[in-house]
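One chain, subunit A, links the two complexes that follow: it is found with subunit B in the first and with subunit C in the second.
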Partner chain A sequence: MGSVVLEEVTKRFGDTVAVDDLSLEVRDEEFLVLVGPSGCGKSTALRMIAGLDDPTDGVVRIDGRIVNHVEPKDRDVAMVFQDYALYPHMTVRRNVEFPLRTRSMDRDERQRVVTEAAETLGLGEFLDRKPAQLSGGQRQRVALARAIVRRPEAFLMDEPLSNLDAKLRVATRTELVELQRRLGTTVVYVTHDQVEAMTMGSRIAILNEGALEQIGPPPEIYRRPASVFVARFIGSPPMNTAAGPVRGEPGALRVVLPGGEIALTPHDSRTVAGSGCSEIVVGIRPEHVTVNDAKDGATADGAAGDASGIPASVLSVEALGYERHVICRLDDGTTMIARISTDGPEPPAHSAVRLGFDTARLHFFDPATTRRIDG
Partner chain B sequence: MTALAEPTSPSREEIRAWMERARRRRRMRQSGLALLMLSPSLVIFAVFVFYPFFRNFQLAFYRTPPFPGLPKQWAGVDQITDVLGSAAFRNSVWVTVKFAVLTVPVGIALGLVLAVLAHQRLRGITVYRTIFSSTVATSVAVASVVFLTLLNPQIGLVNYYLGREGAQSLLQDPTWALPMVALVTIWQNLGFTFILMSAALQAIPDEMLEAAEVDGAGPTRRFLRVTIPLLSPTIFFAFVVGTISAWQAFGQIDLLTQGGPGGSHGATNTLTYFVFTDFFERQNEGTAAVLSIALFFIVLGLTLLQLRYFERRVHYER
Partner chain C sequence: MSADTSALDSAVSDVATQVSDPVQERRIRATRRRHRIGVVLRYTLLTVLAGIVLFPVYMTVVNSLLPADVIVARPPTLWPEVREWNHYATAWTDGHLGLYLRTSIIVTAIITVGQVATSILAAYAFTFLDFPFRRTIFVVFLATLMVPFEVTIITNFQTISDLNWLNSYQGLAVPFLATGFGAFLLRQSFLTLPRSLEEAARLDGYGHWRFLARVVVPLSRPAIGALAVFSFLLAWNQYLWPLLIADDEQYRTVQVGLKQLSQSNLAEFPITFAGTILAALPLLILLLVFSKQLVRGLTAGAVKG
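For the complex of A and B:
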């Protein structure tokens, strides 16, 4: 088992930069998720680890060894592809033992390893079928089986769940993590789905336009997003952000937003003052926004609120059964989403409301660099 | 005011019978329409395929008189056994078998090799793709004339390079005539085979070969274990179609050798060419009919054999 390290890796295709100066360490036995919007370079990064693409610049190490010029077959990694890439002309057994045959393992040993892998993944009864006779979920298992028989240094997975239906995807998510724990292997997992990233990764690396935005354990990424991009990419609905000038004394700053002001806590005031920014991007998660009556300030679910919030008008309300997303618009057109409970009456569409912010839960970003401002 | 008669509701059986009638009417109307739409092609097939096909069987039973105008004589199966037992017939079948063996596998192998070479993602590869497929745009006549010039005993480059200027053309050499005709045929068909193989190669997902690469398979193993099986339906198709067209080869033989050297026992006198000369030169429509029927059954038999024995090794799964 091994670690995978990318050191200042860049990949260009002609004039487009797919991966831009990416440094990344995947620790031994870690489940690292590479996540980002499509075209962010995550698949290219994975393909460079596999050896299917050569980096234009930088170094790729697997288990300490520089593998830039090592053929994919000699890198000792196994890959699971999005479309599984099963060999349609071979039976499941043949597919699973393909990597073993290329290693010329003897027949009995091969038989034993294949049977074991088939048992692990519940494929025993399908060994003599062809991939075309299997369902999507079964094919996905065959692809996994083909990867695990190798006992590789690392598993590389490129959106392996995206072709499954929603229910199966959720179930397989758990199974994959469980499988990784049991085998104790390093996994590099590429996805565009932030839910997969949050639920599966022991750490998440968020890529944007080929560059690393942030890497860390899921709770940390959610609590302390390092940039506006991460703040808005992770979390559903995404974090609300609005820019405004900073006013007031260093110990008691206020941020001026369209239609009102937010008074910062003393701690936040010091942080923001320390950054020296005269204008700032404020971020707040939808669950830390309350929707209050425009006149008396009562919250939508009936509790007494404050009348000092920012005025907004309700665009629409998405009722999900267990919670509601209230989509509002500020005076200048900025959209803000509040996540509220389903108790109490629903704020009618187009009604005027005041949005209250939990000022202890604000995030601040430098508008010039879009990076997080920390105390 | 007279009371309206109480409308009796139809029984279940009546409804069923009525629906059955309606269904039959609809089916009649539909098959009538189908026939109407098929009729133009049916007429063309009838005139140019079905009638000549059956007429051929009739011709085979009559001996063609030595001079036109004399009545035809019923010969029964005698003419058929005469022709099929003749040395000229055996020669032409043997020549055609050799011709097919020379052209089909080599042509497919070459087409596949070129397709694999042109499948690389390299700068300027489209130029090669165009060159490789260009023979599709040439006719058999053009190909034949090009090679006729190359093989010309006086001015041809082939004799020049072989150091045998002025000696007879390879096309007149009993040993080399058939291989030369086969060469022209392979060259002429190469563009088509190349396009066929290229299209099939492009249909193989890159992921499949990349998976094999990560799984530890080198280029040879990837080609033999993944590419070739996935191409097998196309290779099989090219094999069957190529064999049929080898048995029907005519243009290049007519232009290059006229079946010779060696007259009706000529080294390049393939069965199709034999039929042609029998009819148009010797004007013996009876024996030509027997030969063409033999050709039909040979091609039919070969195709059935290929479907029976080779298709089992073809992977159609996707």
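For the complex of A and C:
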């Protein structure tokens, strides 16, 4: 039904390559999130699916049909714009029924569909207001209602939550996913917010400078980031990465970091040896780093640690209430962040510490290609 | 102006009711007095200015009611003891003002509707359509604003005369059906509409015409209204062109007719004044009806910056 496929799609604006050889499949009834930093081409990709921009190269398919030369209105997709694109001079009812007025649908039927959509989104009491008389969240619902009355093959949403305050955003996130389940439609959802991506997407596609870095379900992206970019983009605080030469025997390799070494597990040693890289980028999530006292090796949250970690100095500590982020600096200036519990004393700023790494949780990347090294 | 002064007023009186400290009370009363003096001064000035502007209009009304021999007497009469309202009837029938007004209204209506329609279409094309040399063509449009009408009047006259359109409504109206100014004004207004509105409409199956009619025009009503008023004023007050094109009574506009009325003979002096008032009435009505629109159009640029 509503699958959307991009095949080697490229979009250039003059010299700018907005989307670079992007191949992507959005399965029917899937909630796919396109995520990436500002300017990475998310909106452009979405607009090419909608037909608002034409690809410079490549093929766009909706429901198996090539739509490159199909008018936007005939693609059977509905779009929710970041600014909602509501018509300010029309009431909510008029706005919601706007897409239906181009179709041959009798008035009663139209009323019924509008009322149903309004009920689905809790807009019943606002039907006779103008958009200016609604809050941001209510406007966003009107935009959604206008999209769902069309019963499209796919919804395209471009950062629909970015104008809402943090609390409302969290609530709406859940509602959107719920709505998508209920309607059973395909959704392509664009955001630059990795939390939104992780919590909403059945799969996430991460874009960087117009190219696809990785696509997969959120847990997989988190557990096995395919590149340094993904590793650092997904996760907050981001994954720590440091480059260093590889030493030792094939079965027991060590990575030399500024101020110390990390001994790899036998499994990792084989993986790294297999890649043939003499230098490597090591990545570790902040939750897998412990902050240990420089002298006795006790961890900051009180547990007994080891004194063998990498020496570092504490720059600052961010206490979030439920956890703390200890921001440290290695001898060469590399920043490392540790995520620790709120138990125990706080490591004072500028104090010397030793960072312990959970060596079973290391990630490895090829410094030349920045791609993941896998066994 | 008046909104913030009244806000200040109420703020000042609010404070006054709350404090009982005599020193402060005196200070507040002084502030209020100073404030009131400011308002009085401002309104006095405005009244004087209004008087200066309105005095000639008033004198026209007075003179239109005076008998012909009184009008040239010195000192001039400021209040007519005998009011000869029949001058208006004379101007209307014997002076053919009724006929001229009819022509003026027809021609002005054609020009106004035409200018608004062509400006909307041109501005839409310059804003929402992609076509080769769009920028260049727009600049050419703008350049026509720099060419005074007097420069092209001879060629225009020749064209109209070649078309055999002398002494006709089309001859009076057609050269003014398009205006670079209108296209420019409306384009500025259309440009403020979010691009996503057009894209949303496109996705929903709205073509250019329907998008124009359902979204662009309703959302640009202030600018379109202002353009209509400007076009109307311009068309109504034309003199040179109608003078050239129409020597037939039937197609004489009121401005030309008035001039001829005033040149006929002294006995009809008050009748000319009555005619002037009659000729100004449609404008006056228009202004009263659309004054809000006109002011909004004039200040639109100022507010948006």
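Brief remarks follow.
Following the convention adopted for this analysis, the second predicted complex is superposed on the first by the 374 of 375 C-alpha atoms of A that agree within 3 Å, B and C clash if a C-alpha of one lies under 4 Å from a C-alpha of the other, contacts with A are read in each partner's own complex, and residues count from 1 in each chain.
Going forward, contacts are C-beta pairs under 8 Å (C-beta built on N, C-alpha and C of every residue); 3 or more make two chains touch, one makes a residue touch a chain.
Nothing here was measured: the structure is a model prediction, and the numbers come from that model.
Taken together in the superposed arrangement on subunit A, subunit B and subunit C clash. Of the two partner chains, subunit B and subunit C are each touched by A:Leu52.
Here subunit B and subunit C are compared by how many residues of subunit A each touches, and B touches more. Of the two partner chains placed by the overlay, neither subunit B nor subunit C lies in contact with A:Arg141. Once the two complexes are laid over each other on the shared chain, residue contacts for A:Lys73 go to subunit B and to subunit C alike. Contacts of A:Lys130 after superposition on the shared chain: subunit B is touched, whereas subunit C is not. Within the superposed three-chain model, A:Arg169 lies out of touch with both subunit B and subunit C [touch as defined at top]. With both structures placed on the common chain, the touch criterion links A:Pro88 to subunit B and to subunit C. Shared-chain residue A:Arg203: touches no atom of subunit B or subunit C.
Shared interface residues of subunit A (contacting subunit B in one complex, subunit C in the other): 50-52, 72-73, 77-79, 81-83, 85, 87-89, 98-99, 102-103, 146, 150.
Listing the residues of subunit A that touch subunit C in their complex gives 50-52, 72-73, 77-79, 81-83, 85, 87-89, 98-99, 102-103, 146, 150.
Residues 194, 196-197, 199-206, 210, 215, 218-219 of subunit C are the ones that touch subunit A when the two sit in their complex.
In the complex of the two chains, the subunit A residues touching subunit B come out as 50-52, 71-73, 75, 77-79, 81-83, 85, 87-89, 98-99, 102-103, 130-132, 146, 150, 156. Across the interface of their complex, subunit A is touched by residues 205, 207-208, 210-218, 221, 225-226, 229-230, 232, 315, 317-318 of subunit B.
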